[in-house]
Amino acid sequence: MNLQAIPLGLALFIVIPLACGLASLVLGGRSSAPGRLAAARAATLAGSLACLLLAAAAWLGGAVPARLELAWIPSMGSSFSLSLDGLSLPFLALSGLLGAAAVLASWKGIGERVPSFHFCLSLTLAGINGVFLASDLFLFAFMWELMLVPMFFVIDIWGHEGRHRAAVKFFIFTQAGGLLMIAAIAGLYAAHGAATGEYTFAYDRLLGTAGGLGQTLQFLLMLGFFAGFAVKLPAFGLHAWLPDAHTEAPTAGSILLAGLLLKTGGYGLLRFAIPLFPDAARAFAPVAMWIGAAGILYGGLMALGQSDMKRLVAYSSVSHLGFVLVGAYSLNEAGRNGVVIQMLSHGLSTGALFMLIGSLQDRIGTRELGRMGGLARAAPRMGAFGLALTLALLGLPGMGNFVGELLVLFGAFKAEAAVAVAAGLGLILAMAYALRMFQLAFHGEAKEKRSVADLSAIETGTLALLLAALLWIGLYPRPVLALLSLALPGIAGGTAP
Amino acid sequence: MSGQGLEAALALAAALFAIGLAGIVARRSLVFMLLCAEIMLNAAGFAFIIAGARWSQPAGQVMFIFLLVTAAAEVAVGLALILTLTGTLTDTLTGTLTGALSGRPSKGDR
Amino acid sequence: MELIWLVPAFPLAGFIVLALGRSLPGKAAGAIGSAAAGLSAASACAVAWLFASGGKAPYSTSLWPWLDLGAASPALALSVDALSIVMILVVTIVGFLIHLFSIEHMEGEEGYHRFFAYMNLFVAFMLILVLADNFLLLYLGWEGVGLCSFLLIGFWYGDRANGDAARKAFIVTRVGDVALLLGIILIAANLGSLSLSESPRLASAAWGRGSGIAVLAAALILGGALGKSAQVPLHTWLPDAMAGPSPVSALIHAATMVTAGVYLVARTNAFFSLAPQVMTAVAVAGAVTLLVAGASALAQRDLKRILAYSTMSQIGYMFLALGAAAWTGAIFHLATHALFKSLLFLAAGAIINALGHERDVLAMGGVAKKMPLLFWTFLAGAFGLTALPPVTAGLASKDAIIARLWYAGGDARLLWWAAMAGVLLTSLYTFRMLFLVFAGASRGPRASGHSAMGASTALPLVVLAALCLVGGLVDFPRVLGGEPYFGAFLGGALPASADTGATAGQELLLSLAPLLLSLAGIPLAWLLAKRELATEAGPALRARGSRLAAFVRGGFGFDRLYDFAFARPLSRLAGKGVDPVNLASEGLRSMTLRASRRLASTQKGPPGRYLAALAVGAVLLLAAALI
Amino acid sequence: MNALLAVASAVAVASTLAVILQRRAVHALLYLIVSFFALAVAMLALGAAFAAALEVIVYAGAILVLFVFVVMMLGSEDARPRGAGWIGPSLLALVLLGELLYAFLAEPGLLAPGAASLPAAVPPQTVEPKAVGIALFGEYAICGEIAAFLLLSGLVGAFHLGRRDSPARPEGGER
């Protein structure tokens, strides 16, 4: 199925969620009649499923790499150019899948102002798809902001108790990083213009400019990009916003946040920060890897002490995405593959875990591990999924996370052996906090007498789907790896074998 | 009357001016502050007179006359303000006064 | 031979059926579980028969490509050779017998389905581990086995203590697993192949003997083995693992999982022979564990903990053999140990059940009269453990190891003395346990319990006892009139151990020495048991030796050391989960708020302050103008 | 002449000090009137008879009387600031006084660069009211007009603020 043939082609990935978002607004309207609300939810669900199908069709139909170039602001040299290649396709599929999961998770969870909630979800999805597709730096910055604002509203309006503070903190952190990135984009744009006289934002033409720049300028621009992405992928030190945002966001918000928004940081590193400034990246690599390793150990240690389940999973995300930083800056093929698989499986496993925690909170009204206990006996299906996802969290071989972490460790081992050892210790911490979480919640004596209804059909189905995807990546990652080899030449894989 | 007389007069003007300033800064009641403003104004006028006398120029006294005019206008408006304030709020320098003066719509504002 | 994938497939299918079919009636779950294990055992025997008759040619089949690590591209592939045949036979036969035993033993337990599901999953993972063609698949089985031991130790998850014991087991073994994983990555990075057959060849070609890289690789592999086989220093989890049901202890913590470490070292013997320093480390670890565990077993009061420490010390023997390059001896002892130790655990389980969950040996006694079958089977197991004549299993395997140590000469003599001490300790704690449990009057308050044993419980015990008796003949030392069939069978997969060059007389003497030592142990054990019963009555005697006994019983303080060195500082460091980086960002936030509030006050303070500021400003301006 | 000036200035300073130290506004006003009379005498001593007359008639007579009229109506009095309250303002006043004296007396040329070249101190001539009148309506006629505007604005302002239903009144002025 050749995407270029269809009108708008790649832009469908952005247009569909937007259209469905508007549709859910229109369908939902002012009334709170269940029928209309269901229609609103169905519209957004259809939107994300359509994206998933489109991605799958592109994957099977071998329509990779596809391009779309529309004039946007010619005077400034920026065009609405999207490019689909091996690196962005898996993430688009993930965004479709998790988008659908988010809508299903909030089917009963979100009660008030449903249409606007789904509009915000769709807008975020459109922004995310845009980020993964944009191959024009100006468009990339635009999409980066587009995906941030609705997410702020999702947390701020539909979140839990301390939502406002968390939403503002999330916004300021990401915006500060984003501004640094935009400054770097402008710097690169100007430098390229000065050097070649041609002022353009196009990614392919900007690829070669870094060589000509002075050493310090190149390093500074690279740092600008790195800052923007390091805040998003919470690197150690810049992660203060993640636990609050996760704890206060509604279930759907958490799924999108953990599943996709964190991935845009890692994707940005692979697509922009490293290929655009190869020498600076090589110089900065050891520092970045040690930051990643610190993130792994620090995230694990913090997760060990948490009593709030969502906060614990948030810190585990800091730890897991520390691997992404280590893998990206090991600057070799294995590291890059590991990073993509780690992000895909983290998206699936953490998304599913948040869905589980969300449904758990709807049933027992709390996220405090101290007040849970003995849930496996009361809700065996939930216990089974809880166990499976905990095993994914601690990287049991046979699950996607293990393959990602193994490849990252292998890549890191060849680049910086000490970092690989430190990251390996992170695995032990991962097991400690994952098992602690599982046993406090599902095993032991039930602290409070309550009757817990087991998972409903929708929830079981979605969780089973996500788990199946995880097992598929874990046991047969070859198709995903094959896809990555189709990535554009600019990707980090090129520097060291 | 010799040069020293003029110096003494100038010293007097300065002293009165300083006392006026001290009065304004020290007192909290608006009436007193207006009063002390008058003192300072008058001291300035006296300085004009001294200058006029020194150079035997009528300009000094003309300027004094204009000064009188401003003093009159100033007292008129000042007292009117104090009248409006004392009825409702307070006529001393307090927080509520700032509120009233700051133009924020207070309770009764139409 | 192509159907080799059937062997792990049956238990895996059993797991899936049991996991999904929650609505199955109680009895059916046991039947399905045992059937799966039985079919797997049958297919294993078939494969063994085909292998043996087919000229013992190694055979491997690849299911599908997995992933590629640089040059190495490990696939999900199973491979069969003499070593893995022995292992799958041990795993499946002992596994099947234990499944049979647990049908009745676990009756009425709350998670009956769950128990058999996890047991089948365990057998499947163990078989994958043993049949793996490359390191990565072996690692998958390795972690899977750890997972099942976690699930089964914490089977009665209602009680927090069981959960903690299970978590401890999984985490301590995980420490070893991470070392193994790093070793795998090292091998993949340096040799470019993870295959268990090629990488040893590449390694011996590429790496010099005793070179840094070889030592590092062997050490990392040894780390993994130590964790899984509960050898010092990663052994503290095994005694706590007794929190699980007895069949679990029998299958996992006696017969199969704990021996995975031995299998791994045997399988990668090329790496170890490249690094002599690590070989001595293996031997020393074995010897130390041997003595520590033996002594601790002597001081235990809980029947299952005695057997746990005994397992640890027997595996110490196997590591000793590996250290002395007696590969076949170690594997043979592994096989015989699996037989008599699982027998002992099953019998112990039956005794504990019969005495109404009483575990303290001092509170037992007189069981022989009530349950003669249990007594005789337990006795067979005990004789196997202490390598006494009528039961040939332990005799053949253990004496071969001890003899090998003597021939190795040099500082290996020291290890020989340690082994001999171990033999004495073994017979001491075994017969002390025997006398306390079976002899004398029944001291236990709750002697009731259902002592009648159904066929499905008795059959496995009898079969295991018979195998113990016959087992030794498979590789009986020539000097005592036996024929080393086992050694020959394994010749293909493992390098033959160097010829000892000892005369027949010397060999005879060497195999009699441990025998005499074991026999001497029996009366000593009787005295020890008597004194212990006496001290139980008189507190004065007990006070004097109690602190030392408590120290030894606590496993030589390793637990307290690890808790102090790792567990406590880590949990203190994690604290209440307060994140300093988060505090920093919150601090930044409140600082800006305070600053803005202070600045605002310049705008809305009392007017008097502005007037003063105005006046001062004017005066200062004038002063500036004048200067 | 000098003696008259000295006496007048002493009275002026004393009464002005009394003004700022009074607790009740009315007493302060009366002292102020005394101070203005003293100043008028001082002006007379300097030969500015017309200004002295104006001071008495307009300043003391009209403005301060108006002041007294309003203050009597309000009856406002204010607690004087305690001892500590005076330190700041008096310090400030002294500093200002020092600066002014320094400016006027020590360095006459400092503020008016051209002054030094003028003839030395000349005894003050009296300036005839006629001369003042000629200057006022000759050279400064426009200023007169502007002064008129000022008075007009003052008038309108006072009238506007004083009106009963003036919007500026915070409480709607039923008084």
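For clarity, chains are labelled A, B, C and D in written order, and residue numbers in each chain start from 1.
The rule is short, and it goes like this: a residue touches a chain if its C-beta (ideal position, glycine included) is under 8 Å from a C-beta of that chain, and two chains touch if they have at least 3 such contacts.
It should be emphasised that the depicted structure is a prediction, and the values quoted were computed from it without experimental measurement.
Put simply, the chain closest to the centre of the protein, by Cα centroids, is A. Looking at A-C alongside C-D, one finds more C-beta pairs in contact between the chains of A-C. Averaging C-alpha coordinates per chain places the centre of chain A 39 Å away from that of chain C. Rounded to a whole number, the gap between the C-alpha centres of chain C and chain D is 104 angstrom.
Per-chain CA centroids place chain A at a distance of 70 Å from chain B. Chain B and chain C have centres, each the mean of its CA atoms, that are 98 Å apart.
Residue positions of chain C touching 2 or more other chains: 612, 615. Looking at chain B, one finds that residues 21, 24-25, 28 touch two or more other chains. Multi-chain contact residues, meaning those touching two or more other chains, do not occur anywhere in chain A. Here the touching chains pair up as A-C, B-C, B-D, C-D.
Residues of chain C touching chain A in their complex: 19, 22, 64-70, 76, 136, 139-140, 143-144, 147, 150, 154, 157-158, 160, 163, 167, 170-171, 174-175, 178, 181-182, 185-186, 188-189, 570-571, 573-579, 581-582, 584-586, 589. Residues 169, 173, 236-237, 239-241, 243-244, 298, 301-302, 304-307, 311-312, 315, 334, 374, 376-377, 380, 384, 391, 396-398, 403, 406-407, 409-410, 413-414, 420-421, 424-425, 427-428, 431-432, 435-436, 439, 442-445, 475-478, 481 of chain A touch chain C in their complex. Residue ranges on chain C touching chain B, taken from their complex, read 604-608, 611-612, 615.
Of all residues in chain D, only 88, 92, 95-96, 99, 102-103, 110 touch chain C in the complex they form. Contact residues on chain B toward chain D in their complex (touch as defined above): 1-12, 14-29, 31-32, 34-36, 38-39, 42, 45-46, 49-50, 52-62, 64-66, 68-77, 79-84, 86-89, 91-92, 100, 106, 108-110.
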